[in-house]
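Two complexes follow with subunit A in common, the first pairing it with subunit B and the second with subunit C.
Coming up: the complex of A and B.
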């Protein structure tokens, strides 16, 4: 039929990976490692600039009123010696400390892992755009958690939420809510590795145990154990680190399983990539020979009427393709593990020091007044 | 004020014979899509029953045929006319969305139709457009007919389906009525029996009544079962007779992006029990996935009642599992920057 010519023109074709590529998580919140570092650095720089401006305003005000003192101590009251912003490393350490705090707070409320992970993601995204020198992380943390709880169907009313948190008013959180949303650019859906992990637990069963067990020592219980350990791994490493920005959820889930049991995961991946897909493609080709009309979009398969020998040739190139695919996945996973585990803990003392510094950059007036008081008492 | 009244009157009066609706309440007005002049039914009969004749309106004079006269649906003749034109245009330009590869092309086609309708109904070059339309019809007669056939086949199927549904409903009603009658008879009989027993038997009256009640209950539950079976049987019949038509449609999920969804899955599902009875029995199938939480969920009546099904849940998890597995962020993002 030549009606619409629908048979001749091929429609473009959207794979499940393409669906992920359309998500905001991929488009706006996925970075290469260097780009992520750069974004963080930029946030720090911007924060420093804002903090300096804030200090400068205060400094000039006080200079007007305490002219003599300023002249007396030009060394101590020099703007450059007073200004002490958080360095990039300090800021990162500080954020890490608060990330851990999200977990303890969420645990305190008995929130689901999903809520925890979403809040963590919001918090990190917020500080990719802003700096701790602009917004103090304590209330941002509470706001992110409150927002995440709402989004992940774990609603707590603001009153009961604030009642439990020390020294927090509903206004503190609600005022920040829109600012947080703005920084998130209103992209609220976050894909987490937990569901893919569960899916892999099921698919491991399908691939490794059916129709008959592939490995003599692997059974359902063992896989269940692996699943539980991997879940813990995700809670321990993946949530708190920045891997969510550099890898896709299924990759992180596989990384968790790979780190727990390399042998089983590797077997699964080999089976999946080097064997199963090949089988599937072979089947498709057989089908294709049967009915010429069928339209398949994969590039490798548009040689319809070729001879069998060439088809096997094709298979060999396919095999190498499968192999590179497998190798990329394994490489990605290993990298993911390395990055996830590279995260270092921040000690309490360290964070307290940074906290003091942060407080002064946020409230330059207090610091200046303190300094002036000290100096003026010294002169008397 | 008087004008309004006049217009009101003229609306209810045939301009040809001046018959008033007030005096002959069951008179009808007809119009002809040639010139859209309104006249009453008796006038049409009188003037046009002997064959085509010119329109009796002063200054019109178009030749009208009786069989083209029709009842006016809309008060506004402009609208009436536009609808007629639209019908005519659509009978010629009758492509459907499925005849196009891209939505945008289909939208363009629809736009073209709208422009044509507007042009013919109100444009200056209406006459040219009409001639063009007729020419197009002449040239593409075969395709137009073909598409018409397709359309009518489809609506035919629908009509058949509705017909069968109606018949099924009727039958069910009949059976239910019959059963009701039987029930009535039964209760009457039982009452009589009870009286007889009370009169003759040596048993306690309470016991007797209890017995009867038990009997009635039993019968009721049996009835229910029979009815249910009947219904499912009928539905089965209907389904088998129409399933062939339904299964033909390809089951490509809708994508809001350009292009179709890739239906080639990266995973193979193990067999998952579909029907509720086996799920409720809870004997985990050795060939299926084994997970304690999952089987527990599958047995949850509240979930089941709300439409939750094990296989859709598993499918969703698996889809999300492989969503983005092949996206290597490092590689793809570094390309997009440079």
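Coming up: the complex of A and C.
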């Protein structure tokens, strides 16, 4: 966007996109859909291994002290029967449930959208590296929100924070803060689609309303309404989904606009990517011609004929290039919308079941003792 | 819980030596060390923990947050971050000197070309911050560090913040007093990158004067000192200024005339004065931005900025990497 001062000599134009590509968000936390899926699966597999080891330690201890019972119930007390880790799907559902909880918790504290969105990003990143079978999501959620509030300038003291959270001590959160930071690989700046959305709101006005309105029924109010609805869309779909890991903030912002009003957004994109650039080419051509005229008068005619051919060739390839670019953008946006809206619905009962399962993978002793108690009372 | 911890527990810190303590800041102890595999000199900033009852220190977190994203020759490089049992360690490039030390070393003479070179590097670094939507909010000579090869690096991002949100309130209690822009002195809740430009303008003046330009004794005095030097803002030159929270009946000083400024900065060329005037406009919307500053004729007119490796350095008797007879000699002569 802006000129790079004396750096201009080397590179005349550094775009926002160029800068974004240098961000840690792009370099370390952007994935293709399949790579993201793979990363989540790996976290689940790893968590399963850790949970199994944890259970095994408990199991061997108890087997030692309850030898007869274990011999009596080889079936019920078989390690493979007992071990019941969260499947990949269950873990994703569970995480989704907690993502929604981030929103309700943040809303309860009246925290700004920025804090909410950053906390959500932290939470998801944490579970791309770890599993709920290693760290229970409840305190991780609270820690992410606390950290996000600190980093987004809505600081809340740990005491007043914990006073309001159910059954949570400062230590529960402060002990996790560093662990969360490590999992985030110390990358703490998160780019959200809200600012680009505002930028598009301004640019929509510039492109669609000036110098004269392009669409008979589109005015500032209409665009303002579109902007507000798109903002809600981001809150409802974008923040909670994983689109931030697959698309750039401007792409997500455009997706919101497109899903709210396809007609207006399409007009904007066409104008921006097809028409606008065609205008630019025309100017360039005129300029070229002007320069040529000054040069070799004699050869002009001959040259011009040649040039004209070249120019039309160029023109066609450029036009098709632009069309491809335009189509790529629309395809990307549509894909983004689909992913944002493909949320997993989890019923309360389902969440409760998964919650129990998670509790036992994290606390195998409790589960084993319960089982042993039940079995030994059954023998009496 | 240990997976993540053991991962970093043994590896990163063994990559560096922590040789001697060189300084103690408000929230950190700074050690000198060496990155073992490159033999590169580094500084390790160990963040004190347990001081802050609310967990990890906010300034340290901000510093990490912004330095991770800002990679530029004129911004201090965050080489690595690692943790040891709940201790946060920032590995920074080694920067043995800062501009404040040089300004105070009265036996070191500054050439106009030297000042231009430092200012240019400051603007390059700041331009990068601003185009990434990051405000530094604490620019002062003490935070402009100097590398052994003469490069200037903007450091200390503990007060920095992104312009990520729209219309949100910002704290006006930022920037060390003497370098605080008038809109901050008036308690403005909304401000822009222009606050950093002001600070650089005041630093520019200080480089020429070799003493602080606007040394207010307290916040009230700062207003007086600022307006005595640059004139009291009125609605005419700064529309809506009287609506700012802390604006009240001030002593009215006239703006300085061009001649007055010439007398104040005897060695400054007209272009240099133009640039400084543009940076120290009372109305923030009239201040130049980093792009405009970088394209200013001051930087293209003669003398050309000094090549960084020939800039004055501190401690002439302690040979630094690049130090050569040339620079020491010049210092004695002037």
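The rule is simple: the second predicted complex is superposed on the first by the 330 of 380 C-alpha atoms of A that agree within 3 Å, B and C clash if a C-alpha of one lies under 4 Å from a C-alpha of the other, contacts with A are read in each partner's own complex, and residues count from 1 in each chain.
The definition used in the following text is that contacts are C-beta pairs under 8 Å (C-beta built on N, C-alpha and C of every residue); 3 or more make two chains touch, one makes a residue touch a chain.
In this text, all values refer to a predicted model and were calculated from it rather than measured experimentally.
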Touching partner for A:195 - first (subunit B), second (subunit C), both, neither: both
Residues of subunit A touched, compared between subunit B and subunit C (which is higher): B
Which superposed partner A:210 touches (first subunit B, second subunit C, both, neither): first
Subunit B versus subunit C as contact partner of A:186, first or second or both or neither: second
Touching partner for A:101 - first (subunit B), second (subunit C), both, neither: neither
Contacts of A:271 with subunit B and subunit C, given as first, second, both or neither: neither
Which superposed partner A:220 touches (first subunit B, second subunit C, both, neither): first
Subunit B versus subunit C as contact partner of A:14, first or second or both or neither: both
Subunit B versus subunit C as contact partner of A:30, first or second or both or neither: first
Subunit B versus subunit C as contact partner of A:22, first or second or both or neither: both
Touching both subunit C and subunit B, counted on subunit A across the two superposed complexes: 3-6, 14, 19, 22-23, 191, 195, 198
Footprint of subunit B on subunit A - complex, ascending: 3-6, 9, 11-23, 26, 30-33, 35, 191, 195-196, 198-203, 205-206, 210-211, 220, 224, 246-251, 253-254, 276-277, 280, 284, 297, 325, 328-329, 332, 335
Subunit B residues within the subunit A interface of the complex: 95, 98-101, 143, 146-147, 255, 257-262, 264, 266-270, 287, 289-291, 314, 317-330, 332-334, 337
Complex contact set, residues of subunit C against subunit A: 1, 3-5, 7-8, 53-56, 58, 61-62, 64-66, 68-69, 71, 81, 83, 86, 88, 120, 123-124, 127, 131-132, 161-162, 164-166, 168, 171, 290-291, 294-295, 299
Touch list for subunit A against partner subunit C, complex: 1-7, 14, 19, 22-24, 50, 112, 114, 129-130, 134-135, 146-147, 150-153, 155, 157-158, 173-174, 177-179, 181-183, 186-189, 191-192, 194-195, 198
